[in-house]
Amino acid sequence: MTNDAMTTDAVTSDPVTGDVVLEARALRTRFGSADGGLVAVDGVSFALRRGRTTAIVGESGSGKSTVALSLLGLIEPPGRVIGGEVLYEGRDLTLLSEAALQAIRGARIGIIFQDPLSSLNPALSIGSQIAETILAHEAVSRAEANERAVELLTHVGVADAARRAADRPHHFSGGMRQRVLIAAAIACRPEIIIADEPTTALDVTVQAKILRLLHDLQQEMSASLLLITHDLGVVAAMADDVVVMYAGRVVECADVDTVFHAPRHPYTRALLSCMMGIEGSRTAPLTPIMGAPPDLRAPPPGCRFAPRCPDATDACSSWSAHLLRRSATHSVACRRVDELSARD
Amino acid sequence: MDALTSTAVASRGRPRHWRLAAFARDRAAVLSAALLLVVVVACIAAPLITSVGPYAADDSLRYASPLTSGYLLGTDQQGRDELARLLWGGRVSLAVGVVPTLCASAIGLALGMAAGLARGLLDGIIMRTLDVLFAFPIVLFAIALAGAMTPGINTEIISITIVLIPYIGRLARTAAMEVAAMPYIEAARAAGGSPLEIARRYVFPNVLSPVLVYATTLMGLMIVVGSGLSFLGLGVQPPTADWGAMVADGRIVLNIAPHVTLIPGIAILAVSLAFNFLGDGLRDALDPRTGRRSRAA
Amino acid sequence: MSRFLISRLGSVIPVMFGVSVVVFLLMQLAPGDVATALLGPQATVAAKEALRHALGLDRPLPVQYGVWLTHAVRGDFGVSIATQEPVMDLVLPRFLNTLVLTFSSLLLAILIGYPVGIFAALRSQTVFDRGAMAVTLLLGSTPPYWLGLLLVLLFALRLHWLPVSGMYDIAGNGGLGDLLRHLILPAITTALGPAAIITRMVRASVRDALSRPHVRVARAKGLPRRRLLRRHVLRNALPPVITITGLQLGYLVGGALLTEVVFDWPGLGSLLYTSITARDLPVVQATTLLIGLCFVLANIVVDLINVLLDPRLQEG
């Protein structure tokens, strides 16, 4: 079934939508040992296009953050990537040595994590935590790196940066810490920025500011942004392309307009209707998704959404779930996609 | 004295429940409990196990090595049966490990609970006093106390008890303060429960279990410390000998009859280790949150 | 920093005062009568009374304590009952010898415990890790004096590699080489127990630091492994480890006291042993007070090092 997923929807360079800078093919990641563990990411494929923003969206536990970590080989043992490829500049990152990955991490691909409170080392000044990214990748003096750290801090909106660079993280609020982490992630002007739920841990008022900052930086550096989130509002505001994940797999993959206006997978539709309900839209009534996400230690056979799907039939539970291509930019992992589209 | 502190930190916590199943799964703890039981029974039943008493010297058979016929563990420099001495001595060594720890637990529990619940002046007085006792390294303090009194088993027990009180007192105080901050204590207070009643019904059971776990681990350590006092001659006096005194006896004949030194030392090591494992097992059974980390850490 | 130091020193004064009270009261625990001990059993009642009066023993306890303390702070602990020498003359040279043994043992315990603990944490659940944990568990329960005897048996009596006892050879000229040869076995004996505890604590602390989210962030920055471990793991694992190492001092001193007796090391431990046997209480008092005070001071030093490493503690 992983092979299916790979062959059916291997996204390659496309003249219409721009070229691909990073591509995951049939990525599989396991946590824990071979017998007692679980496969958190099971055959995920998607492509990140140059200069664009791709959002990976899903509930917590859908494996979206694990995808982010897997891309750069940041899964902690005994967990590991057990299959698939991550293609970047013609190389498969899953095959690279730790040293080769070090040269890419922070320099070419920067990551911003979910929890700014624990993502900074409490024992080190924030300036030095930005400067260390530069020192790791460029032949510059410590003084020069520190100077650039101050510039970066100013750039991400930390006032009085020259003085505050010497402060330790506990003097900063959550939003300010996330700005520091963004500065550290973009210090070497990476061409790809991965942001793993960058605003989840922040106050609502701060969330918009951080997203604005990320968006501006991306534009300014013409970087590609992989945004991982559970928040469809964020997706609507930021993304060009959307990858919807459920229980470790991709269920739908499309540009942002298609996802919001012509979603095809029952899970995507359910997700949207939840959001519409919450936001008080008059057009769609609130429809909660029945049941709970599956236990990945013993996932249901066939389509993993089938047990909760209002449109599932018996056949869905024996179907080798894989993405079906609907158009150049739209793929859906639903056996009944044509029937259901016709019904609408 | 960090074996003490680390256990104290790991074993304090919120209300807890016994989980016998968890304890039964811990093979090391169950084996240790069995070993301790065997040792205790053997020491009590010493007269039934050995035909010779611990003081019966056989001049014709000195320094006999272990497995000599009639002397399973050999004889010492006076031709006394090592096995008999080990079993009789075990009574003293076990008592020195267990009795002071229990006494100190009772006193420490009372002081710690009083300090933790009353707070204010009483807390200040108790804790400052315990701080002073903390200032002494445990072995030094035990030696100095025992050295100032007449040597003997009572001296040994009293001095180890005094040395242990601050450690247990501090643990009990922390645990009592944690429990006292719980909403249900507030509720009991609001419902008009008297302070003593609250202390007895709600606080005591919750403070008791971490203290018990800690005390179990301490018993192992105190067998080592107590044997050290006996090794220095501050404990039981000849011809009575506990394991520490037996090591001291063997020291003179270390080169010609090493088994006289080795055997009691192995006994101390094994029993102390068993108490450690038992303490770990009890902790896991009481508090699933600390889990296997206790031994790993 | 200086404000922290002052407040920390301030909090220690009552503790030191308490320590002196406890040490003074130790004397009162002693059975028998000092005058009888000094003059012998056949002394007349009048002679004993006169001596008691001369020593101030007929005065109330708080007064006795005051007199004793004013002398003690000037380093005057009276004369040894056994040798009639001033107590300080007996104690000071022994004190230096104990410092030599304690500090070399501490150094050894650190040199063993830190690398082994760090390595075990980084190689978690490997044969090395499990082996290290088993050995440290065993050492933690081993009586130190017994361990010393085992080492003597093996390395001195059987292999003849190292001397059995003393600080210098009787015939030796007391050079540094001679000292080191005599130091090896006692230092190892004293160090192994604390080394075992330090190893376990270092391992736990490094494992804890490794699991912190900021380590993953640092990896994501592409830091070289060495720099990552130094800046983001060891730097954070260090403060609790230093506290634990400091706490070992007490354990170490206790172990050293017994080790000294096993190896006839001319330090405070063997002095304490002989003076307890001789019921030479002024010496017991001075020794106990000295070690107690050193222990209190050592704890302040540990606090200071931690504040230097992590200024948050000072602000808190």
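We call the chains A, B and C, going by the order they appear; numbering starts again at 1 in every chain.
The definition used in the following text is that a residue touches a chain if its C-beta (ideal position, glycine included) is under 8 Å from a C-beta of that chain, and two chains touch if they have at least 3 such contacts.
The structure displayed is predicted, hence computed values, not measured ones.
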Category of the chain touch graph - line, ring, star, complete, other: line
Which of B-C and A-C has more C-beta pairs touching across its chains: B-C
CA centroid of subunit A to CA centroid of subunit C, Å: 55
Subunit B and subunit C: spacing of chain centres that average the CA atoms, whole Å: 22
Multi-chain contact residues (two or more partners), subunit A: none
Residue numbers on subunit B that touch subunit C, as the complex places them: 1-3, 5-6, 128-129, 131-133, 135-141, 143-145, 147-150, 220, 224, 227-228, 231-234, 244, 247, 250-251, 254-255, 258, 261-262, 265, 268-269, 272-273, 276, 293, 295-297
For the subunit C and subunit B complex, residues of the former touching the latter: 14-16, 18-19, 21-23, 26-27, 29-31, 133, 137-138, 140-146, 149-150, 152-153, 157, 197, 200-201, 203-204, 207, 244, 247-251, 253-255, 257-258, 261-262, 272-273, 276-277, 281, 284, 287-288, 291-292, 295-296
Partner subunit C, residues of subunit A touching it in the complex: 69, 72, 74, 76, 98, 101-107, 110-111, 113, 115, 118-124, 132-133, 136-137, 168, 170, 181, 184-185
Interfacial residue positions of subunit C with respect to subunit A in the complex: 212-214, 216-225, 227, 231-232, 235-236, 309-312
